[in-house]
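Below are two complexes that have chain A in common, paired first with chain B and then with chain C.
Coming up: the complex of A and B.
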């Protein structure tokens, strides 16, 4: 159907009240494909479908929400005549406190607006203008997958498999959709340069084990109900969704008697609905406040020194690791015995902006309230020295004896020690034959100078006689992600690198939309959404669940799942049978997985038919859940930790051996960031900027969805005082810039952010004007590509800017 | 005759708009039309002392929709008698009868009836009448991830939540219309009067 015909139809609908009868009659007459297109347009523009079709049969299909937030929620798609007309959530079972319903947030609830978005990619595209120009021509699937396969073959032959790279991508996580499908394809084709880390947790994943020897430092949310005090440090579960229902468990912990204090530059949604107190703090200074709390705890004899010296190394001079007896202990650092600077609350006030008496009070509260939790968020570690806040945050619970006790919290990344997972199934795993991996935040360097990158750049997998990677990246695959450009540090630099066709010779993207990352690609392949294919999802942190996601509607516009696209390429690479297991469709795999899960775990999943009909399965919490480190605390000799010493390492000999005490100290320290109010850059750019998670999106996913833009518009959130100084009023268009880039964005003037701090929620789709000034508030116009010193993690919250009214 | 109503514990409301989006999705409303809205209210000032900042600010969220008034001001002004009140007190607009004259929209103090330019009619929250009559819950209530919302007989809701009130800023004085929403006010608002902070979103 041509666009012209659509317009005529819409005019007709506008002109007359359309009865359901005449609507259906017209649809049937128009034939299957045309009817579908027509209905899609109706949903997007013209008639409330719920009413138009109210009398018809509605089939309610189980599906789920597998975005890259911390949750996994149940969705139910209400389907009528092949069109999704409504989405509900987990309403068909009781809401049990030990097994709460997996209720979706705005992101999942708006999903049909994504499925039927008018800007969905409808055809494979081939680039006709320069990379980034967005100039494309529509081509056939045959042409598109042949181009991808030909370039894969050419680059493999010319450079070898280590020149092939598939970047970190998380836009879909339903098995037959998502980047895993491409990784498997490339691994079967001889492999690829791998990556490690992610954009969420790089520093905390690396730093937590330096203290505890494990990432399993947390316990079930049910145990939060046993806590008396919860310090929610940079932790905003209401907005970033740290597990479906996590905010609900905080509510219940408060009802059970816990006091909650939020420490955050923003008066977050969590601060409104989950907290008894809010303490604003300057971004990047959390470690200073924690150090000053340690000062109060130590000097006021609130530290459990017997506990800390029994279980940990490095607290004081008498408990240092072997070979480091004369090194600086934690206590010496805090008291200023080694550097002459006692880390007093007054010292910390200078940096944090938190009044010294408040810091002292919180130190005392945390030091005297038993048991207490210090729960670290993740934004505080996506910073220049993100490792330090993790290690300091892990040290305070040791000082106060809150490790290994019910109602306490060891801090760190805090995966639950009780396995909060369900038995699953999936594609057969394929090992990557190429041994090398790059930190994902350094992937642009691996394009620019991969052949010069070695261990000092974080490259792992090099043989003893290899100093650097054998190749720079030449083939760049981006499946279901927007980290190629939009979510990566310093987008202007990234664009410059990707635009150079002598560096990355071929770039291909699968997506639903022409995202900023897709726009840097030579070939763009239109993927279907997870509601158009077969898959499943599971929780990954809290609340064991398995959510089936069978196909709800046929793929629109002839789009295909990531699996089906990869299978077409596999065919041209001569590995079709290996890739597809002998020609299996998405539905074949889905059925195989469900069969296997049910057969292997009958007590978990029960009867297959009822599981499939229900569409999801959760494992209820058990009372008295296991406590992290309980064994170690009860008998440290018999249950040593996974650290080199077997103890909690406040002082890490492994870090000391890195020989970089300024940036990788052996004990946690406050380090002034390279872009901060105390760096030279502050003269030009006096405001700190942050890019938080936003209800509008999951990272950059859903940025283009109008329902979300209405509910949570993209704005620069600026304090009333800072706005007043600059003559900025609510809604004014403002210019935000630093040496890396510039954006224009409407201001939201609010008392709910600390003076000196501007929040531009991360994930806006980079939309440069002719001068390269972004019009959408893409935070990465302003961020750096510089990694953290130890984890090689991302530092995208360390930003200094200036702001003015346009 | 029963009278249904809504209850929200504002201390537990995180302003996530799951209620608003669930409503929007069920109603199939375009941007610009929201039968349920979440108002962000707050105010206060920042005090600087040397290098430190102390906030004296506050905020809360207020989810609000049609209050299905006992004496709805929208009903008697409708020239085509398109607005009715059913046995459960649900105030509903029959859009087939609506001529889009805006009178109900103007009569309502809380912006519940909203004009659809494309269809030339006014419509509003119908308490998910079809779902409720079939034994279900309104879309907004069952969406709340904080379990902060309830629905049911308004007298029972008021009885089970002592202190609950309609007098929450910025809801207009109900005069004698008898709105059937009730809220447990946020602790931050007990001695503060705020202003709307998200005007463009509502």
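Coming up: the complex of A and C.
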């Protein structure tokens, strides 16, 4: 600087750009005002330079992806100086059928986009406009949790605990994050109206036990390698992820000689990558095709009648349950002896759109190939009469003797028997002191008319002298979920109900983003992601594994785990010590759980340090896994099923007792859906719509991840013929509507979907314009809130629509 | 006061003003001061024509606009809740993924560390927000003044070098996009104009710092 020619500096800087006089005047003015005082964000001196220079060191930390698809996968966070710079998965060890990789898909690998999204919630919010307006002001944690606690106390005092409800929510499943934290808080505070069922497989869970007395009717995926034929019925594991590494086992089964046939309205990713044949079928008609297959199997003498009548009730007139000797048997229904309509392939073609000879061929293949699996997906039972397809899918394996045999499969879909679970740990359980539960799909009714809801609405837990719930829902808690609105049937109706502040008086949400459900809330609390706290996850359904999820980075922006938020509320409710076990942090719990798991199961987990270092653990599969019902098949007298008769109940006396044969028949039947091509609604709305799981997201989680949108844009998939009729070309903006609502969405014109069917992948975030027309393709603007008749399950795949070019 | 000090002081005050206005919306007191003292009308630096128009736009709006309106616009633009219209972080503009916390955040963190500074919310929020980057430039300018005072040309040289690097490798790369987006999205003339001032000032900074170091 000594060389500077100071005197001419300003001139050299170009006199035209500087105004010396205003420099001085303005400088003095600016310096003189206290109004310009700023908050200091940079502080001096404490950051060691060596640390910055060492920033190149990358530490790889094990964590996981514990959202609610069917998988729970390993993620590895590459952390550089407190920042996640990269995410990889379980790829540095070989795949092995006895200990397969827990490899994540694109969803988990996109996680940086979620953690570091600019639009994450950063501060607690209080609503300042009408519910749904998205108008909020930032408030302190103190104010926010006080508002939640005050309203809990007020509503408990005014109405009682049964007016408090925490809705089904599965956006986070890492123990210290997720809705369980709120359930535990409310249970310690005197309880809440509970719920049962879920949005995934209510009909499976209710209907499978009517046949087998249990939900555990499947077996280890390792046994699939012994099958000769796998009917993948409406099942798309490559996209919906039915167990972390299920695709791998399907591939192994094919390599071992199994033929795979996909029956699905869509030519899915699984059809492309895992199937020998694709049979397109109209949605909601699967039971008709199965009935026609039964017709072929029975009339061509392929049915193992000796087997059926030994193990099951209700197949033919000679094997009916006591008291129902003259009721309609399964065989009578199939052959048309009772209703005059033989369920022939030609009859089924009318409904299914599948050529009769194809149906007959598949019936013969399934009837003659031993052993064979009929494996169902979940979407086919999220329908008007979802129970029927489940019960029919349980019946065909009985006809063909595929129950209790290796390589067979007893029911369409269910949990596997065997030791496929790993011992885990978790928060101490607390019983809910309130006895009542509502089917979760009827929760809006419990807001609107809870005090009128009784057993006929599916309410359970009522005392003998109680006819209805004592309360409607007044306090609505939504922790880590988007089922309040976005994922619930009939979103426009749902919004009307939630918008009325005299019904649900207080709504609170914990989330990472301002989701459509969060926008209906009075207080929104910003949760940290599981990468910012301590937790763990376990496999769902298949593959006995545990994934440790230690804290990878600090909670951003002062966000907190669901546990920490609930603990703050517990403090104001006077139950802090009970809730936190005497003040434990997330890390304290995590360490306690790991210690317990290792101490209780040394042979499973080995020593603590190596388990923690590895971060995940799969119990190697058994070479010869147990076969569901093998003991029952070998000795039915000694090993009766859990059904009332102890046998397989093709005819269910319990269902017959419901006295609603049209909608709850005692034997599985094809029932035409209330919204279908054969219902009056089809005149106005001739196309069937479905909302499938999409590679873009896990339900609605990750819908806001823009680069997933690049790879998997939200579009309405429509058949070329239907598009041509309507003058719709690829990429055109189309209008999809029915009496419940309307959306605008780009069209994907494709031969990879059944004519007459439109697919709008579920989970798009409801984004209405000023006229209430959704701009994002949220399937639930079109769906109904009407539950299935027996399970009270969701029916969000039963939709009729019309489509036109905008 | 010598020419260098005059220059540094002017820059310091511009940084102080811009940093404050991008940290939060002005309260009634500050808005009153802006309306009474007209710092934008009497801007200490001759900016280009476009920026001059922006200076006038802000200045006029200071007299008319309400503090509430500015709070609303500032929140919509830069805060949220949910999706803000104009994310105020460098990394959002510099990686394809439009994410926070990328290598540019770490570079900025390193620059602060080279001068013994650390973000108060380190690890809990990204340090490459506009207000913090402006604060960094402000602190370095304070130190330049001090270096002149102590006749420490070596320090002055290091500080100017750092400022030039920081402006050229960070602010001037992403702020133009931030400014364009703000000008499209802002509902008040105040924030539209302020963005123009910011752009003009940083352009001037780039040229000025280059010239100053050329004289070294």
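Miscellaneous remarks
By our rule, the second predicted complex is superposed on the first by the 746 of 806 C-alpha atoms of A that agree within 3 Å, B and C clash if a C-alpha of one lies under 4 Å from a C-alpha of the other, contacts with A are read in each partner's own complex, and residues count from 1 in each chain.
Going forward, contacts are C-beta pairs under 8 Å (C-beta built on N, C-alpha and C of every residue); 3 or more make two chains touch, one makes a residue touch a chain.
Remember, it's a predicted structure, so these values are computed and weren't measured experimentally.
When the two complexes are overlaid on their common chain A, residue A:121 makes contact with chain C while staying clear of chain B. Judged by the touch definition given at the top, the superposed model places A:95 against chain B, while chain C stays out of reach. In the overlay built on the shared chain, the residue A:514 is in contact with chain C alone; chain B does not reach it. By the touch criterion defined above, A:558 lies against chain C but remains apart from chain B after alignment on the C-alpha atoms of chain A. In the superposed model, A:707 makes contact with both chain B and chain C. With both structures placed on the common chain, the touch criterion links A:524 to chain C but leaves chain B unconnected.
When both complexes are overlaid on chain A, the residue A:247 reaches chain B alone and has no touch with chain C. Look at A:112: by the touch rule set out above, it reaches both chain B and chain C. When both complexes are overlaid on chain A, the residue A:86 reaches chain B alone and has no touch with chain C. The intersection of chain A residues touching chain B with those touching chain C, taken from the two complexes, comprises 14, 17, 43, 45-49, 51, 85, 112, 706-707.
Taken together, the chain A residues at the contact with chain C in this complex read 1-7, 9-10, 12-14, 16-20, 22-27, 29-31, 33, 35-49, 51-53, 55, 80-85, 112-113, 115-119, 121-123, 125, 134, 136, 138, 513-514, 524, 553-558, 706-707.
Residues of chain A touching chain B in their complex: 14, 17, 43, 45-51, 54, 85-89, 91, 95, 103-106, 109-110, 112, 238-239, 244-245, 247-248, 251, 267, 269-274, 278, 280, 349-350, 352-356, 358, 695, 706-707, 709-713, 719-721, 730-731, 750-752, 754-755.
Interface residues of chain B facing chain A in the complex, by the touch rule stated above, are 11-18, 20-22, 24-32, 34, 42-46, 48-55, 57, 59-61, 95, 118-119, 130, 136-137, 139, 142-148, 186, 188, 197, 199-201. Against chain A, in their complex, chain C makes its touches with residues 2-4, 6-7, 9-10, 12-13, 16-17, 19-20, 23-24, 26-27, 29-30, 32-33, 37, 39, 42-47, 79-84, 87, 89, 92, 97-103, 105-106, 109-110, 112-114, 116-127, 131-132, 135-136, 139, 153-154, 156-157, 204, 207-208, 211-212, 215-216.
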